[in-house]
Amino acid sequence: MRQLKERNRCNRSVRHLKIQGKIWLKNLKSGLDQFRESQVRGTRTNFLHDGSFHEAVAPVLAVAQCFCLMPVSGIGAPTYRGLSFSRRSWRFWYSSLYLCSTSVDLAFSIRRVAHSVLDVRSVEPIVFHVSILIASWQFLNLAQLWPGLMRHWAAVERRLPGYSCCLQRARPARRLKLVAFVLLAVSLMEHLLSIISVVYYDFCPRRKDPVESYLHGTSAQLFEVFPYSNWLAWLGKIQNVLLTFGWSYMDIFLMMLGMGLSEMLARLNRSLEQQVRQPMPEAYWTWSRTLYRSIVELIREVDDAVSGIMLISFGSNLYFICLQLLKSINTMPSSAHAVYFYFSLLFLLSRSTAVLLFVSAINDQAREPLRLLRLVPLSGYHPEVFRFAAELASDQVALTGLKFFNVTRKLFLAMAGTVATYELVLIQFHEDKKSWDCSPSNHD
Amino acid sequence: MRQLKERNRCNRSVRHLKIQGKIWLKNLKSGLDQFRESQVRGTRTNFLHDGSFHEAVAPVLAVAQCFCLMPVSGIGAPTYRGLSFSRRSWRFWYSSLYLCSTSVDLAFSIRRVAHSVLDVRSVEPIVFHVSILIASWQFLNLAQLWPGLMRHWAAVERRLPGYSCCLQRARPARRLKLVAFVLLAVSLMEHLLSIISVVYYDFCPRRKDPVESYLHGTSAQLFEVFPYSNWLAWLGKIQNVLLTFGWSYMDIFLMMLGMGLSEMLARLNRSLEQQVRQPMPEAYWTWSRTLYRSIVELIREVDDAVSGIMLISFGSNLYFICLQLLKSINTMPSSAHAVYFYFSLLFLLSRSTAVLLFVSAINDQAREPLRLLRLVPLSGYHPEVFRFAAELASDQVALTGLKFFNVTRKLFLAMAGTVATYELVLIQFHEDKKSWDCSPSNHD
Amino acid sequence: MRQLKERNRCNRSVRHLKIQGKIWLKNLKSGLDQFRESQVRGTRTNFLHDGSFHEAVAPVLAVAQCFCLMPVSGIGAPTYRGLSFSRRSWRFWYSSLYLCSTSVDLAFSIRRVAHSVLDVRSVEPIVFHVSILIASWQFLNLAQLWPGLMRHWAAVERRLPGYSCCLQRARPARRLKLVAFVLLAVSLMEHLLSIISVVYYDFCPRRKDPVESYLHGTSAQLFEVFPYSNWLAWLGKIQNVLLTFGWSYMDIFLMMLGMGLSEMLARLNRSLEQQVRQPMPEAYWTWSRTLYRSIVELIREVDDAVSGIMLISFGSNLYFICLQLLKSINTMPSSAHAVYFYFSLLFLLSRSTAVLLFVSAINDQAREPLRLLRLVPLSGYHPEVFRFAAELASDQVALTGLKFFNVTRKLFLAMAGTVATYELVLIQFHEDKKSWDCSPSNHD
Amino acid sequence: MRQLKERNRCNRSVRHLKIQGKIWLKNLKSGLDQFRESQVRGTRTNFLHDGSFHEAVAPVLAVAQCFCLMPVSGIGAPTYRGLSFSRRSWRFWYSSLYLCSTSVDLAFSIRRVAHSVLDVRSVEPIVFHVSILIASWQFLNLAQLWPGLMRHWAAVERRLPGYSCCLQRARPARRLKLVAFVLLAVSLMEHLLSIISVVYYDFCPRRKDPVESYLHGTSAQLFEVFPYSNWLAWLGKIQNVLLTFGWSYMDIFLMMLGMGLSEMLARLNRSLEQQVRQPMPEAYWTWSRTLYRSIVELIREVDDAVSGIMLISFGSNLYFICLQLLKSINTMPSSAHAVYFYFSLLFLLSRSTAVLLFVSAINDQAREPLRLLRLVPLSGYHPEVFRFAAELASDQVALTGLKFFNVTRKLFLAMAGTVATYELVLIQFHEDKKSWDCSPSNHD
């Protein structure tokens, strides 16, 4: 009787899983189709390639939708006009489902942590879940704002000075896609390495089968409540994959925005660079000042929409770097673990640095006109130039972390200093006081 | 003979206590009456509702007077003209009495600490008493300045652009009262939770009766000198309640000021936002610049009056957060203690953050006009606009902590960083060096 | 034979000592005479009282000369013209002798430390000697610059708006002297307390006679090389007294300068405060701008002369505060020691804070005109006002510590934060992990 | 047979070594010749001495080429026109060879560290090798940019106001050479001291012969893989010498640049200082503003070329200071070691401070014109003066560390604070809790 019930429950779950799997596959396929389309169009029909940010970011957003983020429709549409957000689209429900399952997973994680000793390491899954949960919720909000944001973005883009040739026009988009897919690939590689290191060198197996043991370990918070079952384990693994990629995706998305916004400023700067040494009419300066102003207003609008994600991204990166450094004190159980561990730490450090550099490029580019205005000759120094210079001197243009900090290159030093201080204190605590004594091991 | 004397002393004390109690009840009643009046008038006679800060803050000040702070008369008067401060009013004497009793309590606390080991935890009662004592004294000074301050405030308020409808006019006042009473309610709840956790789960009872044991523990500094007596215990408890609410009230009061001042700037900004994109006559800019300047002068005057309270509020919040984090390392004796502890920590963190955000809103709103002035078109860019922009670019408008620090959003990061560093060092010290070893507890 | 030699040596030393003592007494007498004269003149002949800084600072400099600092002649002269510095004056040789004897004392201290374990406490005498030595040398240099500096100072003072009455004119000088002599008196009291606590409660006597034991302890670095002798002990004690007062004097001198310079700015501000709300002719603004500029140039000149002393003062105060906090962890051997220790710590903290506040008052006063210029009405807003405001907005006027840091109120927070962090780490290390356990000691 | 092979291999190596040695000697000779020439010309033919930076820096670059850095040709040429960089010159190949051998050495060092316990000390050789490797690579890049940079530099130099006499003209060059050669000499002395302390007081000899034992220790990473052989040991020693001097040279080179750039600004400032108090025609201000601007543009160009070296220099100095402080806790095995250790620490601290001060002098000199412009009288206050002042007020002119931080005097405080904090934490950990107890050792 009990067996029958269990089998029934199991069957139902399997059916459920199959349906979910199909939805996921369909989504993945449509995402890839969209991506392939945009790619094909991009290379074959170059005359159609309008160099807009909307077009460039489409495949990156398609990937996001595979991982249940950014449920906005029409990302593959030729112009921003095709974008729309609806509470009734399947993408919205799909994202909401993801939010719910993450919440449930979080609840199990909290339950698990509450039963163990509370310290900086054991809260890791909670920090991980909470940061992804808030970020996902922020992405849901962002999806709602995205069509309006892209409309504003396109309006500013139209006012920018044109590219001289179509090759130059395609470059920012290509660079953006390259960065995104390299990061996604490395992220995938890191996840595979983590699986390999755990499956093949499992030093405290929980079950006989190494795959089962791995799956058990991945969703340990579930199997403290439920008995082990393969379908639940796979569901947990899928959830875990979604979370991991969601976490990496945050950073990738911010880099995309950073590249898009700084490219706009760079286009303005390239135009200024050419004109600045000769006396220009006042109208030119009015044009460049208002153009600069409209880019700054766009940056402010984008910042209002993503500053929450920014705070979570920087905060969680800082937490996980400190945590990895803390773990680095321990000796590794096997060289597979060591390889995975240092690869993972390096990836984390590079990704964090990359986010900071790409996003702070906005600030660098926004300060550049100030330098150029210094070169305006006396005969072309109109009151408009003076106004432009005075405004530039007192503005601080940058994306922010919930307005608490500006993302500039100076932030790097502050973060590096924090990590270095932590590392020093850490090492100090674990220092085994060896000193000037003679170690005969390397005599021959 | 000795018994008789003791009984006499006891009788006198009881009589004293009764009188004190009556005064306190009368005060509470009058405060509540004032509050009820102002509420009734606010909802029934909307045409009378003038949206002034004086009116909005009245019930919050009435609550303060229940807890012996801000002994200014006429807070329930229809206009600021009714406000007065007199050294001969009962409110003043009542506040002075409170100051004296707090000083005496402080003396007993110091005596107790001096007889124990001196460390960061044992000085807690001293820090608590001293910060409240100084704050109460500052409130007494502030009461003296309050009528003048409100006159200045009303003068500035009259110059502000009007609200479009009376609903909009009532909103800031409603928001202010809501925030204040939610905080007071949560503060009350936290105190009750603390009583419950100690009374019902007292793990080291000092007396047989749990209530007596609780009262004994609350005023332990007294009962090291005097033998236990119920009336003294209840007096101590009243003092303790007054102190606890006084401590919370500091933060609430600062939030009120922050909301009032930033609302004034927001009203100016709303007006600018509407006019800024079209060419306005120079007189408009003179008007807005002088209005902005008079708000800034008001902020400076308020800052001179409350910057001491600000310093104490921020300092004591930071100290108590660090202390609670230090305590969080210990295991809790019961789950009632755990619930109380985490509720209390969360309340403390939220309250501190709320003070910072509400007060730093002044700085946010004061920087907003600078952004708006960037949008003034060339045809409307009068010298007055330039002067306004230049002044805005070099001013730093914010409430301060005794001029030592400005309360801006950047401060949040500095405080969060300090707390996080402390927490990291703390955890590092108590880290029990568990690592990659296999914990078999969660195998099935 | 050996005895004879020793006696000879002893005699010679005694003679030497007597001569030295006479010089010292003569110097003290002349200093006191100067002081008495300046005092008498100050109270009796008020019409002569010209309110100049030269006159106000004279008695403070006279005290400095008693302690072998600032060997400038003519400090008691009626005007700055009487000041002179000569390499051939007895004051110069006296100061040089002091520098030499301090160097010798330092050498003995280094010798002593090199023979003990090197840690943060044992280097205390070295830090103490080195900081006084450098400061004395800086004072010697300053004496050379002093006549020129006072000439410049008097030139600026003559241009300042006059005082309305002679009472007001005398006030800054009186305030200056009051602060200086209160601090000197407390410093003396602290030294006496230190003697009392060591002499009467000596818990590890090195010799039988308590006074001898005290003197031995004071100059322990000498008696590791030479056998104990009373005259050497007394010489060492005199050196010790000179060092201790020299150390306090650094801070007092910096406060005097801070008060003098900020008073000049305050006089300008009082004038501006009266005129700023009405439209003034352009010449008024030229006058005030150039006056402000000449005060700033004077501040810069003073800063070039004293920034070294400033760095040493702030650095040594920070070091000694940290050291005292480190010592505060230990239990005191007697309550006399405890009283002395907490008095000394409190004195150190107050003195450091006072230096910072008095010196940073320069920065506060220098920023004040910027606020006042905001109030200039449109009709009086000449280009000169704009220039004045623009210059004020970008200037940072303050005394500095060797140009490495500006002494402003913000510095206080940085220093307090450093001390608090150190204290927290300290307490954390010595925390004896007591927690929620029941301490039955205070049951009745 | 095996012996024969070994002998063959050995012979080949010896031949190789001889050829290498000849190349090195030839290079050294040519470098010294160049140096001698430039010196002779400088003193004998003063009328030829044109006071250019190219000429002044020539001997310093010649020394660099002895240590395989900066492979640019024509540094001894009379003007910048003789400079060239070619991939086919022997200097380039020589530098490349050095890069390769350093890489190989790094690989051996990593191999060695990977086999030992990983902590802050054991990574020392890796940090050392990696920082020199990157710096050498940066110097290679810089060599490529050097001819263009010097052309720009000379163009700016020609525009500067002339020196009044030829003695004054020669002074900056002399000062530059003096600083460079004093530092090189002290660096050599430090290296010799290190050899002496190890060779003569070797407390854990690895081989019988003290020299062999020293050489073995110097290249321990090699002799873990290969058996000991004298020629390999000497090769390793040469590599070690090149690395050590390369490391010192980084700092010296940055000081040279700092002196050169700040001297240019100082020349402009001296001209301004003379003219600023009298009303000058507008053309004068246009001239000085554009001159200032061209110096700033040159500084920016230099910064783009050397900011990488700057980051490595500051980073590695900070790391090695912390490491030396960590080592200072240990007791020294002999007084020779102690002398070497404290000399080395002092040298490191002075060198780091010197780099910071010389490089930050650029910032100091660049801020100086702002002060001077304040003194321009009303009659000479042209719009150009206002523009100049406004630009100065908002510019931050300084060399940077990869744009992450500006090298200004304020940086010193930040670095000193970091080092002091580290030192305090360090001491705290090793504090042996001695306190008020009586130490009878110094009783007589």
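Order of writing sets the chain letters: A, B, C and D. Residues in each chain are counted from 1.
Everything below uses one rule, namely that contacts are C-beta pairs under 8 Å (C-beta built on N, C-alpha and C of every residue); 3 or more make two chains touch, one makes a residue touch a chain.
Being a predicted model, the structure only gives us computed values, none of them experimental.
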{"item": "Any chain in contact with subunit C as well as subunit D", "value": "none"}
{"item": "Most widely separated chain from subunit A, with each centre as the mean of CA atoms", "value": "C"}
{"item": "Copy pair subunit B, subunit C: interface residue numbering same or different (half cut)", "value": "different"}
{"item": "Rotation in the CA alignment of subunit A with subunit D, degrees, nearest 5", "value": "90"}
{"item": "Geometric centre distance via CA averages, subunit C-subunit B, whole Å", "value": "39"}
{"item": "Cα-centroid distance, subunit B relative to subunit D, in whole angstrom", "value": "55"}
{"item": "In subunit B, residues with contacts to at least two other chains", "value": "390, 393-394, 421, 425"}
{"item": "Interface residues, subunit A side, partner subunit B - complex", "value": "117-121, 203-204, 206, 220, 223-224, 227-228, 286, 293, 296, 300, 322, 330-333, 337, 384, 387, 390-391, 393-395, 403-405, 418, 421-422, 425-426, 429"}
{"item": "Sites on subunit C touched by subunit B in the complex", "value": "328, 364, 370-371, 374-375, 378, 381, 386, 389-390, 393-394, 409-410, 412-413, 417, 421, 424-425, 427-428, 430-432, 434-440, 442-444"}
